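One chain, chain A, links the two complexes that follow: it is found with chain B in the first and with chain C in the second.
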Partner chain A sequence: MRRYVLRRVLQAVPVLLGITMISFFIIHLAPGSPAALLVDPTADPASFEAMERALGLDRPLHVQYYRWVVRLLRGDLGRSFDDGRPVLERVVERIDLTFLLMAAAFLVSFCIGIPLGIVCAVRQYSRTDHVASAFAFVGLSLPNFWFALILMLLFTITLGWLPAQGIQTHGLGFNLWDRTRHLIMPVIVLGYGGALAGYFRYTRSSMLEVIRQDYVRTARSKGLAERVVIYRHALKNALLPLITLVGLALPGFFGGALVTEQVFALPGIGRMAWTAIMRRDYPTVMAINTIAATLVVAGNFLADLAYGLVDPRIKYD
Partner chain B sequence: MKGLARYRLLAATLVVLLAGLSVLAAGCPRRAPEEDPGAEVTAGGIMIRGSIADAQTMNPIYVADTASGDITHHLFQNSLMAWNREVELVPNAAESFPEVSADELIYTFRLRPGQTWHDGQPFTSHDVVFTYESFMNPFYTGPRRADMAMFLGYKAYVGELAAAKRALDAKEIDQEAHDRRVTEAFEAWRALGAVRALDDLTVRFILETPMAIFLTRTAGYHIIPRHILGEVHGRDVKDHGFSRNPVGSGPFRWKEWLPDQHIALVGNADWEGGRDGKPPAHSDELVTRVIPDQKTLEIALEAKEIDFGGVTPEEYERFKAMPHLRLMSTPTFAYTYLGLNLANPLFQDVRVRHAISHAINKEVMVDELLMGHGTVAWTHGSPARWDYNPDVRTFPFDAARAKSLLAEAGWTPGADGILQRDGVRFSFLLQTNLGNRMREQAAVVIQSNLKDVGIEVEIKLVEWATFVSDVLLAKNFETVIVGWSLGVDPDAFSIWHTEGGPFNFVSYSNARVDELLEEGRRVGDIDRRREIYQEMQAILAEDQPYVFLFYPNAIHAVGNRIRGEIKVSPIASPLFYAEDLWIPAALQAGPHLN
Partner chain C sequence: MARTMMLAQAERDLSWRAIFWSRFRRHRLAIAGLVILVLLYAAAILAPHLTAHSPYAIDLGNRLEPPCATHPLGTDFFGRDILTRVLFGARISLSVGFVAVGIMITAGTLIGAIAGFYGGWIDNVLMRFTDIVISFPALFLILTVVAVIGPSIFNIIATIGLISWPPVARLVRAAFLSLREQDFTEAARALGAPDPKIIFRHILPNAMAPIIVAATLSVAGAILTESALSYLGLGVQPPTPSWGNMLFEGRDYIRRAWWYTVYPGLFIFVTVMSFNLVGDALRDALDPRLDH
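Up next, the complex of A and B:
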């Protein structure tokens, strides 16, 4: 087991290097120079070149990448082209909000999607099944920004229950209820519009498959209560494929946060990513890319590990 | 979704050179509040403005975007001269208009005594000198160096900077030697005394040649505190803590900046302000909340979460009907145009440019895209500015006239219905920036209008950063739709002069216009300047280097709980004199407080 973990961690290194290298080159290949946005367009070409030099953009791309990696190994993500502050500091002051959003959205989609999937599998083709399927599909097919506006129309304008933007009421300071009120709609958008449909569909189909297995029939013929059959014998086995899905949900939520934070004016990392891309703030874009890549790799790795823990048939050595 | 944001960004970026909109609260007669008599002027309360973009820096010498400028306006308000809401030039930190020498080369400003920075330090002529010298500092990377070109010794100094740069590139000297050389050049320029403090309250500027627009330029620069930044190396000023935690001297003090959330300012009770003895800021706080999505911002206005915000033309009627809001539609100094690349043979015949102008239905753009919140543009400038010439040649929508002009120029319909001449089809690419809905729609109108006269247009939308650097500044286009947000001073040298530089994207060149632009910068007499710019506008209308499309209005919404005289002008949003506004005590904690 320990060897397996070690091997996976070591494998992650070239994968991450590969991902960051490719994204580094793609970002720098995009037309439009950050220096052009930072220098007065009427200034002479010399000041443009001076700016490029100041940003280190005058060096060959592979040298820039090499320097970026070396700095990264020292824990230095560079300074933002935008405001000159260390990127790490910018990321740290925002990442908690994004992680909070992601975690809450995950809980919402998980806690609704899975029970719903079970119910629908048990009562296949019932009215409940049809309604729940429709509900899940609507969530999947709604564009996030549009869904967000509909929620605002309902909860902010019509009912007046929830604020449309920001994370706190000005002048109030931190207040748990106030913070919660601000996050309800973003979490619904991210959770319902994101992974809920996936969890629902997977649970349902996986349950349907398991319910028809011999061991479930055996359990029933032993005279076990239906509850015990479903939750103890069927569900345990049906949930296995979901582990993969949960692992992959991490980067999915991260991407969803980009739109959600933009629409609800939340000061998270997704919003920063958007601005950084628009302003060609390469160091910030790279930092966020690296975080996203790490999430993908980590999500996969954790899913594989979790398989080993819950499925006795899988052994790692 | 990002339409308005991009639009503002454009305005923000392109306005840089054309003199700032620095401001002062002065020269405006105080009036008693008209609405609900009995409501006393009360202190307290939080005024909340919604802004599409977050600020980028609080150091005014580096500000190049409207979001930052909107805040430094309240925080500093200490330029030597300033434009008031009625767009008149008035003394600001200066006590009066400067004394100008007979040869028009020496300007001497006397500062109002008793001004202080928010940390209690006195505001002196040394701060003014430090600010102007900062623009000239060899390590300054902000947008205003070229504005200083009128100063004594500028040319020689900048020449020396360029020589040092060439030597560095040729590896004749290393970075350290380069830095030493430019620092010495800077010290040599300072020793000339082009900007000098004669005593604590007197500043003297010496120009190389007479340049009357110098005076209006001084309205564009807030002064920064020498006692904080004076010892900082020029290279480190931009990222100095001051840029995120500034000390100003205006009617509002700094409180806090939570990136992408809000910037909060506090009313400065000690502000002695303008010379009319205006009282200090009334509201306790002025908060700018960053709401990047225009639709969300409008919902926040509707839900009373914010007091101030911009509204799009298509939402105007709906918002006007809301009882808790006041809406104001005001002309601006901006216009939108179709730029024709005159280096391209297609557009070199003036008859062809006239034909294109006749073929495009500008009225329909004003009616359908701006919903009437704007006017058709016939030339450079703005109907709201004093130099505007209303009697220029116009090109009303007339497809038949367009066709005959094109025929005159030798273009005849080909087999596919598209005009041809010498085997060349009349077909071109029209580029504009992605996400600006108004421009995208204008492009479609143009495409359809020109198809009717036999010209084929292909539309390409380009993301903003790329559009600026690779399309506009690289002059890499056939036609573009873009806009100008002009300054208060009509000087348009950088846009139309043959040697104007990269803002003359379309490569326009007209000897008479060059002469006029040069004279317009030199002379101070306002009537002569009006003549100059009106003649220039007439020539531009005749030449049609752009097809001028429309002058859009700005639409502001203000919550009804905000009291005080609210007037807007092309340079003034409802918050222009924020220190004059207040919130009645009963409404200070209302539903607005979200």
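Up next, the complex of A and C:
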């Protein structure tokens, strides 16, 4: 077990280096210089060069990357080209909202997708099964930004029930109910999507497979109540592999958060990422990319570990 | 002798096709999806003949007109007919979807086939590379690349295709890992067939079913990605109509003109849904293990 963990951690290092290297080179190979956006266009070439030197952009690319990695290892993500503040500080300020959004959306998709999947497997081809499958299918196919606009049209413009923009009512301080109201639509948009459909389909097909196994037939023929057979014997085995899906859903949630925060004008890191990309704020783009990729790699690793812990058939060596 | 073999082969083909069709046909919604897609493609190709309006003609006297007889889906901020723009936008969205998936399937199949066929260090290197690409939050990376190289249609297609291949590579690799151990591969090798011939003539045709399913479902994904890019302002640039950038424009007038956002999005939704339905039915019809 310890050897397995060690090997996986060692494997993650080149993956993370590869990710940061690829993003670094893509971002910095862009024609033109972000220094041009920061100096007065009428300024003389000397001040432009001074700005490039100040940002470290005059060095060869591999040197810039090496310096970026060295500083990263010291916990320094550089300063934003946008406002000159440390990137880490800017990210920390905003990341809690994105995490909250992703966690809530994850709960929504998990708590709807899995029970629905169980019910549909138990009553395969029933009306419930058809309706629930259609529900999951619609979620899979909905463009999230359009879904957001439709919700706004309905709940904000027509009914006037929910606010459509921002995280709190202007001028109002922190108020839990106000915050919640602002987050209802974003959480629905992020939660009712590919992840929910994924959990639903996985649970349904996995349950259908398990229900046909011999040990389930044995449990039934012992005369156990159907509920015990389903929830004690079948469910446990059907849901084990689902743990790995949890890790795989992370990149999707990141992309979803980016769009959702943009539509609802929420000040999270998804919106910050978009602004940084548009303004060519290299250090911020690099930082968010690195954080997101690290979370994805860590998420997959933890999911694999957890899978091994709950399923004794799996041996790591 | 040869004739009987050919006849037997023809019979097998026929029955295979019959089985496929009888399984596919069971999914009535997928048939509906297929019909919708055929109609959409026809409409996209025939767009200039189906409408009396031009997608670019500005008519400031008719701005933000609600749906009516002359403009069934209303008009936009510049007085352009939304139905016309949606039809012309279908050309963009559908071709982006197809070409991007073509690139993605080609890249994914090549990488997965080579990794699965040769194994060893080649497999290791290619799969670590796949791990790297799959760990990027895809939309984020695509946005960054498109922002860097410029949002032209060609760049968008290439970027989506070159970033979304990893799942296909994993799928193809898994199929190759089991197929390369089969007797027919061994036979081809014993007959002295060169590696590319074994890969493309003998193994790949047997791995086509999951690839076809993945391709169909990926067209849906690519259309969604393109429209998200356009919605975020980094996709197809106005005045060229695409479903995503129409939504982007319509958003500012959502209080005054609901049709401006509702209809273009509805087209994205229905198209993506149709591809998903067809892909799902294909999975069922092509998968020999799923026997009901």
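Quick note on the criterion: the second predicted complex is superposed on the first by the 312 of 317 C-alpha atoms of A that agree within 3 Å, B and C clash if a C-alpha of one lies under 4 Å from a C-alpha of the other, contacts with A are read in each partner's own complex, and residues count from 1 in each chain.
Definition applied: contacts are C-beta pairs under 8 Å (C-beta built on N, C-alpha and C of every residue); 3 or more make two chains touch, one makes a residue touch a chain.
All values derive from a computational prediction rather than experimental measurement.
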Room on chain A for both chain B and chain C (clash or fit): clash
Partner chain in contact with A:M152 - chain B first, chain C second, else both or neither: both
Touching partner for A:R3 - first (chain B), second (chain C), both, neither: neither
Which superposed partner A:A54 touches (first chain B, second chain C, both, neither): first
Contacts of A:R74 with chain B and chain C, given as first, second, both or neither: neither
Which superposed partner A:M278 touches (first chain B, second chain C, both, neither): both
Touching partner for A:Q262 - first (chain B), second (chain C), both, neither: both
Chain A residues contacted in one complex by chain B, in the other by chain C: 30, 145, 149, 152-153, 157, 262, 274, 278, 280
Contact footprint of chain A on chain B as seen in their complex: 1, 13, 16-17, 46, 48, 54, 56-57, 64, 141-146, 158, 161-162, 165, 238-239, 243-244, 258-262, 264, 285, 287, 289-293, 295-297, 299-300, 302-303, 305, 463-466, 468-470, 473, 494, 501-503, 591, 593-594
Chain A partner contacts - residues on chain C that touch it in the complex: 128-129, 131-132, 134-141, 143-145, 147-149, 220, 224, 227-228, 231-234, 247, 251, 254-255, 258, 261-262, 265-266, 268-269, 272-273, 276-277, 280
Contact set on chain A toward chain C in their complex: 11, 14-15, 18-19, 22-23, 26-27, 29-30, 137-138, 140-146, 149-150, 152-153, 157, 250-251, 254-255, 258-259, 262, 273-274, 277-278, 280, 285, 288-289, 292-293, 296-297, 300
Complex interface listing, chain A residues touching chain B: 30-33, 36-44, 46-47, 49-51, 54, 79, 82-85, 90, 93-94, 145, 148-149, 152-153, 156-157, 160, 163-167, 169-171, 262-265, 267, 271-272, 274-275, 278-280
